[in-house]
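Shared between the two complexes below is chain A, which pairs with chain B and chain C, respectively.
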Partner chain A sequence: MGTDQSRARAVISQFLQRTNKSVDGMTDDTGLWGDGLGLDSLEAAELSAMLEDELGSDPFSAGGEMPERVGDIFAFYEAAPSE
Partner chain B sequence: MIRLIEGAAAASPSHTAVVTPEGSTSYGELLHDARRVAAALQGRNITRFAIVEPDAAWVIRLLAGAALAGAEPCQYQADIEALEFEEQARALGHSVVVTRRPDLGGPLEIIRPQELTGQASHQIVQSAGAQPLMIRTTGTTGLPKAARHDWQFLARTVAGIRPMPNQRWLLAYGPHQFAGIQVLLHVIACQATLLAPFPRQPRDGLEALLTDRVTCVSATPTYWRFLLAEARSRKVKLPRLQQVTLGGEASPADLLEELKTSFPDARVSQVYASTEFGSVSSVKDGLPGIGVDALFSESNPTLNLRVKDGELWVRAVAGMIGYAGESGADPSIAAAEGWQATGDLVEIVGERVLFRGRKSEVINVGGVKVHPLPVEDRITSLESVALARVFGRANPLTGAIVAVEIIPMSGLAEADVESIRLEIKSAVADLPRAWHPRSVTFVDAFETRGEKTVRRMEE
Partner chain C sequence: MGTDSSNSHQPAAHYDRVHSAWSLIMGEEFHYGYFEAPENPLERATAALTEQMLGRADIVAGDLILDVGCGTGRQACDLAANLDASVLGITTSGSGVAAATELAAESQVDGARFERRDGTDNGLASGQFNVVWVLESSHLMRDKRSLLSECARVLVPGGRLVLCDIIRKRDIPFLEVRSRREEFSTLRAAFGDAHMEPLESYASAIQELGMTVADCSDISAPTLPTFSAWRSNVVAHEPALQDLLGHQGVNDFVQATHILESFWRDGTLGYGILAAVKKP
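The block that comes next holds the complex of A and B.
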């Protein structure tokens, strides 16, 4: 279990493992798109589904601002009421 | 139906027609009982009625008697919930039900099957005209509908069948399903023996294969998969079947191969049929899909299949007369000279027409149209996977993503799900990226409208 943020962290590392993305030197400042993790829309959709399955909601579907960096995902769960 | 039983009873009255957990019944006995049922229906002025009955021999007695009397029977699945039955019987206007179940009825008049065979059959007014039959279907929308058929049209598909009294057919479908009715008709037309265990799960079918000298089986691909898996896990030696028939869903290539290996003497046929348009095509070469030589063309104007805008169209030979509550034929079908869309998406690859899923099942992933079937085929061909169900899952980023539910071969508790995930990834690697499953969940059964099954076409 643990806090929503630590669960989100576990989901992200599982996602990166499943999609064979490099996790070397990833910080909260690493971007999700382009030069960062380089997610495309299909990969982002996969991550959003995994987060939704684990945490009940996800920052990509919530209708707010689209997350830009890894840290934005954690921030979403800090702000969101826990399940 | 009744004519075929009369034929079989005249040829060999003591030959066993049907074997159920309640015993064996000969063709002579079936005909005798059917005549009593007909007389009793006419004596009670019953012109249409519901049947809720698990035993196939009783179902045949009731259906044949109704055909003789010109009354319209309609079967409901034997284990239907009492409240659901009352609701659906009301919707279809049934006021009489023939059943042994003590919990059914509500406002309906209840008749026990034995009451209809209890009296001598001296007065039957032979039905000169219609021999109606109503077959319920869940349809693709999930809403119950009922198709109105006539035995005289249905029997066209078995016209000219040679008697093969030594064949022993397993009834793997419910007799209330269209495919079950087709099996009943076929068995009676060839004066063979029907083996009808109840319940009708694949493990019951396997038991019948091992102990009842079954020679021919018609079942869905899902049923075959479970039957083969059950045989593997029990390490039993399968009997040498003469005939293996698949229908109700598209048959994946790997399953066809496995069936050919498991039953090397058998002819492997795939039937293309539905409750609405009847039995249209039968493919006997054991390859997936349908040969393009079965398609209508200027040089083959009598054939009843064609491909239009990536969808299979059929011209029904022994189709339904209409849905319950609708009088005439659908005018749009008449306008298209009998051709109607099936909702089955197909692609012509070389010499084959291959199934790509149902029209309503196409998943739109960011504008890319994904057909679930090729994805499902690749995943179910994995040894670690017993069954897979591919469907669209809503997603705000791409509209939808491809999702899959997996029943692992080893059972949910024993499965190494992370390694199955990797196998799935390699299995779909040749497909475009939008087709790759983005949501993979592991389950121990599929829940579709309360039934544990994968469903493609109509029952």
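The block that comes next holds the complex of A and C.
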């Protein structure tokens, strides 16, 4: 896993800890919404901002399709590494 | 309040924490007011909102009523005492159940009892209540379809559901949520993990459950003065509120009232009320 993906993983862990959501059993296939991490739009906005602060861009506000799974976030940084 | 955001994601924990403070700010009825005139006192306006619900509930003596998200228990006690009805109030808040039970005992109201249950999975027997009363609690339940389904399930045929709550009046795009996240975070810190839906989505969900919507009204305008009334009560009870909520919590609350007021005015959020009948 590349550096950006590692940093993204650290941001996600930090976010989940802050919002009191469990990271137990989280995999790349874990969904971000509903029965997965259960993010609502405000939580997604907060995670989006944290990722942008750390990595300069984020998959939620980049204008493409919204990420559905944790792995989609990593794939975004794999495809477009930060400068 | 506001310093531990994790509690704001748990409605029951949030209510347990703010219960005493909100009683000072919102009064015993613990909900928005319906201001027939902007200068009316909050107590009269909250009673008027209850009247709006009562006018749609058609409660008669002997009715069995389920109060979902019963708050302080005040409405349940009043319904039982004034209308000779039997009321079961349910809430996920432990301190809410205790406070409501104490209120019923103090008021010597035999017809109201309270249990800790989840409105989206209430565990009650089907087809037993004449009226299901959901006053300003649905915004705290993410799964509104389950809430409405449970309400419909426990009603007798011909029974009535009455519901009022904060509503979302337009789509809020993700980028707007992101750019205004500080405002939304302040609302969450002050009022908990709220999820507002359009009034029409309640109505369509109710219809899909086989019920007939008898009334569906936007009452945003007469509820707008609620925010200034709450701020007046914050000023009136500031020392006690500082003890209960802390400086940050009081500031969060006041700021949240300004944010909500602007959302009411720009048509982002508002207040709705509806009534529906379960088909016989």
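What we mean here is this: the second predicted complex is superposed on the first by the 80 of 83 C-alpha atoms of A that agree within 3 Å, B and C clash if a C-alpha of one lies under 4 Å from a C-alpha of the other, contacts with A are read in each partner's own complex, and residues count from 1 in each chain.
Just so it is clear, a residue touches a chain if its C-beta (ideal position, glycine included) is under 8 Å from a C-beta of that chain, and two chains touch if they have at least 3 such contacts.
Keep in mind that what you see is a predicted model, and the values were worked out from it rather than measured.
Trainee: Quick one: on chain A, after the overlay, do chain B and chain C clash, or do they fit? Just give me the call.
Mentor: Aligned through their shared chain, the two binders clash on chain A.
Trainee: By the touch definition at the top of the document, which applies to A:S61: first (chain B), second (chain C), both, or neither?
Mentor: both
Trainee: Now for A:A45: first (chain B), second (chain C), both, or neither, which partner does it touch?
Mentor: Both: A:A45 reaches chain B and chain C.
Trainee: So, does A:S6 touch the first partner chain B, the second partner chain C, both, or neither?
Mentor: Neither partner.
Trainee: Taking 110-118, 182-190 or 200-208 from chain C, which overlaps chain B after aligning chain A?
Mentor: Superposition on chain A puts chain B right on top of 182-190.
Trainee: Please identify the positions on chain A that touch both chain B and chain C, taking each partner from its own complex.
Mentor: Looking at chain A, the two contact sets intersect at 18, 41-42, 44-46, 48-49, 60-61.
Trainee: Touching residues of chain C toward chain A in the complex: what are they?
Mentor: Counting only chain C, the residues touching chain A are 5-6, 9-10, 142, 172, 174-175, 177-178, 181, 184-185, 188, 193, 195.
Trainee: What residues on chain A touch chain B, complex-wise?
Mentor: The contact residues of chain A facing chain B are 18, 41-42, 44-46, 48-50, 53, 60-61, 63.
Trainee: If you look only at chain A, which of its residues touch chain C in the complex?
Mentor: 18-20, 40-42, 44-46, 48-49, 60-61, 66
Trainee: For the complex, give me every residue of chain B touching chain A.
Mentor: Contacts found on chain B: 365-366, 393, 395-398, 401, 403, 421, 433-434, 436, 438-439, 441.
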